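Each of the next two complexes has chain A plus one other chain: chain B in the first, chain C in the second.
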Partner chain A sequence: MLAYILRRIGMAALVMFVALSVNFSIPRLMPGDPVEQVLAAASAAGGQSGNMADTARVMRARLGLDQPMWRQYLSYLGNSARLDLGVSVASYPQPVSEIVLAGLPWTVGLLGTATLISFVLGTVLGALMAWPKAPRVLKVLAVPVVVLSAIPYFILGLVLMALLGIAWPVLPVAGGYPFGVVLNPDIASALAIARHAVLPGLSIVLASLGTWAVAMRGMVVGVLGEDYIMLAEAKGLSERRIFLAYGLRNALLPQFTALALRLGLLVSGAILVEVIFAYPGIGYRLYVAIGQKDVFVVQGIVLLLSAAIAGAMLVLDLLYPLIDPRVAAGHA
Partner chain B sequence: MSALSVRHLTVEFATRAGAARAVNDVSFDLEPGERLGLVGESGSGKTTTALSLLRLIRPPGRLVAGEILIAGQDIAAAGPEALRRMRAARIALVPQGAMNALNPVLTCAAQFEDLFAAHNAQGGRARIAALLTSVGLDPAVADRYPHQLSGGMKQRVCIALAIALRPAVIVADEPTSALDVIVQKQVLKTLIAVQRDLGAAVVLVGHDMGLMAQFAHRIGVMYAGRLVELGPVREIFADPRHPYTRMLIDSLPGFCERGVFKGIPGLPPSLLSPPPGCPFAPRCPRAEPRCAVEVPETRVLGPGHEVRCHVA
Partner chain C sequence: MKALWQFSRREPLVPLGLLLLLVLATLSLAAPLIVDPALAGIGATAARRPPSAAHWLGSDTQGRDVLASLLAATPQTLEIGLLAGLIGLAAGGVLGLLAGWFRGVVDAIIRTACDVFMTIPAIAVLVLVGTSVRSMTVGLMAIVVAGLSWMVPARSIRAQVLSLRERPWIDVARLNGQSSLAIIFADLLPNLAPFLAASFVISVSTAMLATVGLEALGLGPQNELTLGMMIYWAQYSGAILRGMWWWWVPPVVALALIFMALLAISLGLDRIVNARLRSDL
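Let's look at the complex of A and B:
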């Protein structure tokens, strides 16, 4: 068991090392110099004063770009370990970690909640859709749910916005909180935040509900054909016990893998939803940074994304033996 | 009084082309402690017969007629709750796929405990240990997950589950088909030992005639959904009366002669549109004109020996 845990942690560390290395090299392999690009943009906007070459040299030194490559690589690894992701080029000298950390709670809060809600609802719905003795209503319900899942979430977001935000304005359509309001840790602020999260959250839930339901239905149908379901029936177990402990429990295993991957992808998960609703999360900030060619911010967010996926997979790997005893024994 | 009495059991599968009658008017009685072997080729309806005894046929399959009486209670007519209570307590199943018959995410002990809980029976570690010991397993197996056991051990766990509530009838659906020959024999011996202790009647489904000869008191031969011959094992092997039974036994390879393998020419009829007369008539070397038009009724030839054939 200890060997299993250590192997998994080692694997996650290896993934992070590769991600860091790739993340280090890609911007440096790209043509163009971010410092010159920013300065050129600044001078085009008329904000240039003094010697351009001097400014560029100082900025390069500040960004560490004047060092030999191997030293840049080592200090990059060291800085990343300390969560120092460098400074933004576009809004110099704001640290990248500050920008990322400011967006993280919004994204995790909105997408984490929406993903968990759609996972739970979709999984239960899918399982019941496949269960022969479930109410008929659920089988009818399957059709609209699957149709909804075929619509991209950003289109769904626009439709919801038009319906509930503009045609019948009951919910705010933009931002993470009311414009010009200072957030306090009180109920009023929490309610305001929740109200702003409803539309983007709803579009994600509605669009992904069907995916979870269809995947789960397929899994339950497969499990229902297994011999252990028949033996459970032959044992005279109650319908409920067979459904929960024999059907659902086994069908859930692949579903958890999908959930862990989805949670890992959260950080970048719904960029378009955040852009459409001007939601101040990571995705929105990534969108802005790409527009401004803010290399270090993009790099920082991509690194965060890799870390989130590696972290989610590690957590899944460590929890999986608890839900499937075959895994720790090295059978899977 | 019989442990199990099956009357006119008929099972149909709804298909696009109509109803396929997989089990057609099957009747037999089993005395307590008696072991019946059901044999027949693939698709003859032996597994369907066995599973329908516990009403485990799944849609599109359906039990359309018949009675399955255990101690005077008809399983075929029981409501859902009565059926649930009869399963495992009166009639238990030893499943076909030992590899996959246990829930992979529960320990063996948990799979015993949920059986006891479902029937409000006394469970506990001591009871499980005794059951495991009775099938030749170490009581420590209780804490194992199915993937930690070999195929033979899993099948023994299934046998222990089947006898846990001391049922009057045990239905074993090809319990050894996934095991190698040596383990097959051990598992069957275990099954016989626990069945003797319980005094339970057993229906054993299989296609290995040799194994059946050693195991069963009586043999039932199925063909195209019908029980064509039923008789004591010695009579069936020494003096098979139905032409199909005879050809089935003749097709067994012997040890002494290295000769040509004798099969049965032709194929079983379609269950969707069976021939109007005897289903075996098209392949039967002794068929008479009336065999093609008239379904033979069951005739009693002697004590416990009956056949469905015009010429036998």
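Let's look at the complex of A and C:
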């Protein structure tokens, strides 16, 4: 058990190390540096003053870009560990960590809720699709669900926005709460937030439902061929009990592994949904920062995404032995 | 021919998806017969016009004929997907073969690398590259995206090789004194064909998904037309809010069709590879 926990923690640490290194090296491998980009943007906006070369030298010194590479790398690792991600260039001198953390609750709330709903619904639907005695309605319902799973979340979001936001305007199409409203911890605010989350959430749920259903169906089909199912039938157990306790229970295990593996894809998809609906989470902030060429905010958000996924995966991994004790014992 | 027909009757998903892709590709290759390609240029026609007899799908805010843009963008998008998918499959296939064949340390390193890169969200790395390069092109986009679509092929090929290498005919080949390389090419690869095909489709579709995502964030090739860039410009100019459906619906439908075709092929291949799944759906 201890070996398992240590291995999972080691894996998460490795992921973070690689993410940090990638984050450090990619911008530095490319021609040009952030100072050049910022100054170019400033001069394009008419903000040039004095000698550009001097300005660039001073800025590089302040950002530590004139230090040797290994030194920059070490101080980058140290700063990241202290959550010091630099300051925003576009809304100077707001720290990057402040911008990033302000978006976090929105993304976690939207993505967490949507993923939970689609995972549960999709898993049940998939299991029923494989169950010979399931109602025929489900088999018909499964086709559109599987077809929708082919479509990227945000493209489905565009269509939903046009249908339910513009053509038949029942739901708000942009933002996380009504424009110009001060949020209070009361029911009215909570309802307003929930209303704004419906369209982006629905896009994620509808587009990811089919993925879980297809995977679960495959698993249940496999499990239903096992000998212990035949034994359960021979014992005369009820259909419902065989399905729930023997079929569903055993097919569920790989589904949790799939959830852990798909977290990255889920987050990537959800980011784009936020962009489409101008939802004030991490993804929309990333989009804005890219538009403003706010390099440090972009790097900060990118790092946070990797950290969040590594963290979520670690939690899933550590919970996994509770559902499948064989894992901790090293048998699976 | 007859065998092919019977196969199609039994497993309609693969031919269906291929046919759909073929139709889209043919349409865009035959584009000059349908509409003048020059109409896809900026300012080629009157801006913001709804569909008419002269311009079947109207025009966008920059005076581009939407039908001409659509037909020019489709092959570009397919090209990025196929190119990135091929590179991803080649890299992932080689790594998977190495890991499965040599096992031990090589396997441990490759498997860990796969797990690490599957955890780091592709979009994060893509955004870093996208914001760091001076200008994005279709070719560069394919290479960048391919760098993140090798993990799934590597994992599935590795698993197959691990199981195949224990089969008796591989032992026979080994006892006959054949070299590892000869066994891999003569005895392993032919048996891996269906898995390679399935991995290829998956890596094409991950690559296209990543491409479209990057484009939606505004990091796509600014000066070239792809389906994702069409959607980006339409969204950027508020086409949906302004009710210019003829601008954003066509690229959305085209992309949706491509993704559905890929899903059909991949589900179909899955059923061929995985005989157990062949109950009714």
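Annotations
Convention: the second predicted complex is superposed on the first by the 312 of 332 C-alpha atoms of A that agree within 3 Å, B and C clash if a C-alpha of one lies under 4 Å from a C-alpha of the other, contacts with A are read in each partner's own complex, and residues count from 1 in each chain.
Going forward, a residue touches a chain if its C-beta (ideal position, glycine included) is under 8 Å from a C-beta of that chain, and two chains touch if they have at least 3 such contacts.
Remember, it's a predicted structure, so these values are computed and weren't measured experimentally.
Applying the stated clash criterion after superposition on chain A shows that chain B and chain C can sit side by side. After overlaying the two complexes on the shared chain, residue contacts for A:Phe154 are found with chain C alone; chain B is out of touch.
When the two complexes are overlaid on their common chain A, residue A:Ala234 makes contact with chain B while staying clear of chain C. In the superposition on chain A, A:Met313 contacts chain C only, with no contact to chain B. On the chain A superposition, the C-alpha centres give an angle at chain A of 70° between chain B and chain C, rounded to a multiple of 10. In the superposition on chain A, A:Asp66 makes contact with neither chain B nor chain C.
Looking at the superposed arrangement, the partner reaching more residues of chain A, out of chain B and chain C, is C. Of the two partner chains placed by superposition, only chain B is touched by A:Arg249; chain C is not. In the superposition on chain A, contact is made by A:Gln299 with chain C only, not with chain B. With chain A fitted onto itself, chain B and chain C come no nearer than 11 Å, counting C-alpha atoms only.
The touching residues of chain B, counted against chain A in their complex, run 51, 54, 56, 59, 84-89, 92-93, 95-97, 99-106, 114-115, 118-119, 145, 147-148, 158, 161. The touching residues of chain A, counted against chain C in their complex, run 11, 14-15, 18-19, 22-23, 26-27, 29-32, 129-130, 139, 142, 146-147, 149-152, 154-155, 158-159, 161-162, 166, 173, 214, 217-218, 221-222, 225, 261, 263-265, 267-269, 271-272, 275-276, 286-287, 290-291, 293, 295, 298-299, 302-303, 305-306, 309-310, 313. The part of chain A that touches chain B in the complex is made up of residues 132, 226-228, 230-238, 241, 245-246, 249-250, 253, 323-326, 329, 331.
Residue ranges on chain C touching chain A, taken from their complex, read 112, 115-125, 127-134, 209-210, 212-213, 216-219, 231, 235, 240-241, 243, 245, 248, 252, 255-256, 259-260, 262-263, 267, 270, 274, 276-277, 279-281.
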